[in-house]
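The next part holds the structures, each set out as structure tokens.
Next come two complexes built around chain A: one with chain B, the other with chain C.
== the complex of A and B ==
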């Protein structure tokens, strides 16, 4: 990852959130003394099992929930500040779309909330629909869509305002592997442009692929935090990858290693992961396919999101 | 300021479109209109009181179906949005909670007003269809206006037909198109029928159409707007079913407030307080003023309008305060 500026755009200090019942009695302590700083331009992963407080923390950052105690600043302002939200894009855990609107109408509506000019709005909608592979379904009601297609609309609405801070809660949920790869590539492209991304996900492979730093939450508090490489590196062992060698050469190498470490080393053949294999198969099929009713795989990224 | 206005219009427009596209909305509207249209068929042989009874029944249907539409729309547009998360999605944008709440009110009010136009037109037509005793140069005796009745019954059918055609050809949503077409056809039928008398002679806008019913419909519309504000405020804390139940309770209590609370308002502080706080729907129910050929004076309409505006503003302030502290789970 390239060097990032050090300015913290999200500052959380001793955050506590207690949900109460109808009678105002404490029910659940969802966040318990959370301390967090997210720097400008980094991709920050929020991990944790179900109920660990990830989505609650995100909603507090957006002013959708009130903190019970603690301090939260986003771009140096309180989360409820309306002007700050113009710089944020949010993809909720579920797509939260109006079922009776079409993708075009949905994006047009959100674009109006950001006071985008009609020309800019139309251009961005066009690019986002192309990017998410929904151009052919632009005039169908969202209520008819599959979960994955609705998710793509959700992603598009999160990016309509070209936000500085993008908060993605389970962005790849419901997406096919092609879509997952596209979302990850998009996050990397946005980060390269200096955008800050907060990614909350259960899919550890996705987080590992893209995040600079992660925090692992459990029971409302952070249990581990740091850069992905630092957290995952196993310094006590080494892996070598090399082309296949003749049996004699391999035998000599193994004997030498066995002599040095005193036990049998692990040997296997490297393999591509299932995602890479899947993408190759779909790419091949896409070249010969004539028509598709669902989302169409596309490498296109909205121009306004990736231009410097 | 311009941004806020644009956001308000966008949100209000979306609310109205979303409400109109829900099948329950067109179902309630068509049901209301059909029931109003059917009144002349079931009210007969009442010693010349058919017109009055049809009129009273139609206005009652206007009120009740308007209550259902307002209550359902408020519950769906706010409490269900909060539950489903679309409210969170919108509030994560640069939109204040107060603006969001007020735009919901504006959008639902637009739908209620549209329904009121349909109901008012249907009421005028239905009253004209009702059997009456005519004593004119060309006609003496009891007669129903069958031509108008036929056109009135055909209006919702035509609206649904056109909506189906538009849906098939242009893939536009059926429900919202049908609602707008319903209003269009009813108003068209009203304007056309007003040009002829009951025997079909050219007599533009004579007593054949009882235009004095319109102020009463306007007062009912005002009451529905107040109900919309109440329903929306309740839905900041309760889900759709409790919202509709509580709205029904407020409606019933308001209808009876003169008798249940008003009688004791002078002697009991609690009754006096409740009498002031509970909306008095009798202020908006003025059908008795039409008896004997009377009408509702303009001064009365203005004072009722003033009451509606003040009351609505107060309820909306309460609603905004409640919504400000509502958590978007």
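== the complex of A and C ==
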């Protein structure tokens, strides 16, 4: 790994955040001595129960909250620095969008805030609408959308600037399984391009599927941190998957294993998970459907996001 | 600039899509068209035009002012509450760009609404003129006195000076002692002098001195109509006619022009003075040394009639006589009035936006409206104070009235605040327009400088500072 690739994008040291009441009396210690280093190209998962300090940490990284003490650097600068913000894409836990704007206008507005040229803006909006399956609803007001569709607009706005650091707070909340899969694929594709992703989620399966490293927070401090494999691996057990064997061969293998471990091994048939099954059904239905009112299932990925 | 314009455009789009803009436009049109139908005029064309100009434009300004303050208070505070601002502030946008973008958006909406009102008012004025009886005298009054921008020249006000002189004289002669309340003495002296200056008994005469500005040099050559307005005091109005003779001139040539009037004391009269180049030249070529300054003065004298029917006349203290010089047409004056009103709306928008950066929407609205109310009260208090005692004799203040130090401090504080308020609280442009008085480009420039640049810059600076320091993602309490 080169120095550039290994560069720390987010450096948090001894971060403390105390929420105070009107009279400045301490009310809640939301983050308590948090240390974090997130490197370029990583998908970093922030896990923890409600109120563990995940969202507060993210909001401090974005400059929406001020740290009570400790150091926070993003791209080597303070989070409130305008230069820093230009390199970040953020999807909040709820899509705080302007209900009176259409998806096209929403993306155009945020594109303008990044000072994107009109040509680049139009091209990216087009690709993002295609990617999120909202092309057919591009001229409808966001206020009319379901939560999932609004979430897609939120995701699209987070990517309009082709960010180097993407912060996603519960990105799959409200999305159907197709959307969830797509978001996960997107995260993997972005990470492949060297983008850094911070993912905060309650859906542990999502985190497990995509994250390189995770930190588990509780009461504002990190209780466990490391790569997913490192944390989940059971080194004392082995799983062996192979094609079905003739019964007598199987019997001989089991006898050998039984003899070696001294107890009955667990055997089952690998099954397709529900997500994969659902995706297959929807894909078939999509091929035969003539009209679509919600988000259109699509495998498309915005071209500028996958460009090497 | 792209970011500022994007935010401004978003503000406008929000107002249009939320139907705020359309509703406001509908209310304004209804007010402008409906109000003249509900207010009964004096039956004259001039009265009807005054209603259109004063009441409809005045009401529209109030509606727009309230709506601007309300909308500006919500522009940032409501986005903070709905958390939409979080998605904006995480983008590379500075607090200054957010504040300025919102302010510009409000300004553009106000411009469209206000000039639409102006256009309807203009149309209504001419529609009324077209549909009125073609009475030449009435038409003349409307064209010369209302549909014009006339510069106003008030007589020199020496009351404060005279009050001071008399007070000092009384102090020095021992007529008043230190245990007498200063304010009461001043008020009493003022009252006496005022009576002496405004009351003209039968056969008596009253003089006014008018300082004539240099720009009037060419008024005669340019044929600018000059109107003399006489206003009687409301305390002695009646239908009885009073006869008197007016003369105008200079110290050396006191009678360059004269006329006899026979009017009832029930209001205000305007007489056109035929300003010939020779009359104006005579005034302008007769400089008078007044202390250290030299200037041109015109002396206006009223001599009350002496016959058996003659009566005592009481003139209005401030505007017993006023000289008007026509400077511009109605349309130009209307446009300038609109621009001054727009500047005021810009200031309100700045105030509301800044209140919204620190408070929640209801608190911001309450604070902004309270601040305006307080400003008006302070300004009125200062006005009353000046009318009561004048601004003289401060050197004796410590010797007397020791018991009211608290009041003095409050007065001084109010005066200090009024230094900031006074330029903004200048006479209402709607008032000027409906009286046919000039709203000059100078007035527009001053309004632009103060209410669009200086004060909004101060509000903006405070707003940006507060927005930058504010934590926009605090948990709801």
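Keep in mind that, in the parts below, the second predicted complex is superposed on the first by the 304 of 308 C-alpha atoms of A that agree within 3 Å, B and C clash if a C-alpha of one lies under 4 Å from a C-alpha of the other, contacts with A are read in each partner's own complex, and residues count from 1 in each chain.
Simple rule for what comes next: a residue touches a chain if its C-beta (ideal position, glycine included) is under 8 Å from a C-beta of that chain, and two chains touch if they have at least 3 such contacts.
A quick note: this is a predicted structure, and the numbers were derived from the prediction, not measured.
When the two complexes are overlaid on chain A, chain B and chain C occupy overlapping space and clash.
Judged by the touch definition given at the top, the superposed model places A:253 against neither chain B nor chain C. In the superposed pair of complexes, A:188 makes contact with neither chain B nor chain C. Legend: residue contacts after superposition of the two complexes on their common chain; A:203 is shown touching neither chain B nor chain C. Looking at the shared chain after the overlay, A:139 reaches chain B, while chain C stays out of its contact range.
When the two structures are aligned on the shared chain, A:82 is found in touch with chain B and with chain C. In the superposition on chain A, A:122 makes contact with neither chain B nor chain C.
It is stretch 110-118 of chain C, out of 110-118, 164-172, 236-244 or 290-298, that runs into chain B when the two complexes are superposed. On chain A, the patch touched by chain B and the patch touched by chain C overlap at residues 19, 59, 62-66, 82-83, 85-86, 88, 90, 92, 94, 96-98, 100-101, 109-110, 112-115, 141, 157, 161. Chain contact summary for the complex, chain A toward chain C: residues 19, 21-22, 59, 62-66, 80, 82-83, 85-86, 88, 90, 92, 94, 96-98, 100-101, 105, 109-110, 112-115, 141, 157, 161.
Of all residues in chain B, only 3, 6-7, 10-11, 14, 17-18, 21-22, 84-86, 88-96, 171, 173, 325, 327-329 touch chain A in the complex they form.
Listing the residues of chain A that touch chain B in their complex gives 19, 59, 62-66, 82-86, 88, 90, 92, 94, 96-98, 100-101, 109-110, 112-115, 139, 141, 157, 161.
Chain C makes touch with chain A in their complex at residues 2-3, 5-6, 10, 13-14, 17-18, 82-84, 86-94, 468, 471-475, 477.
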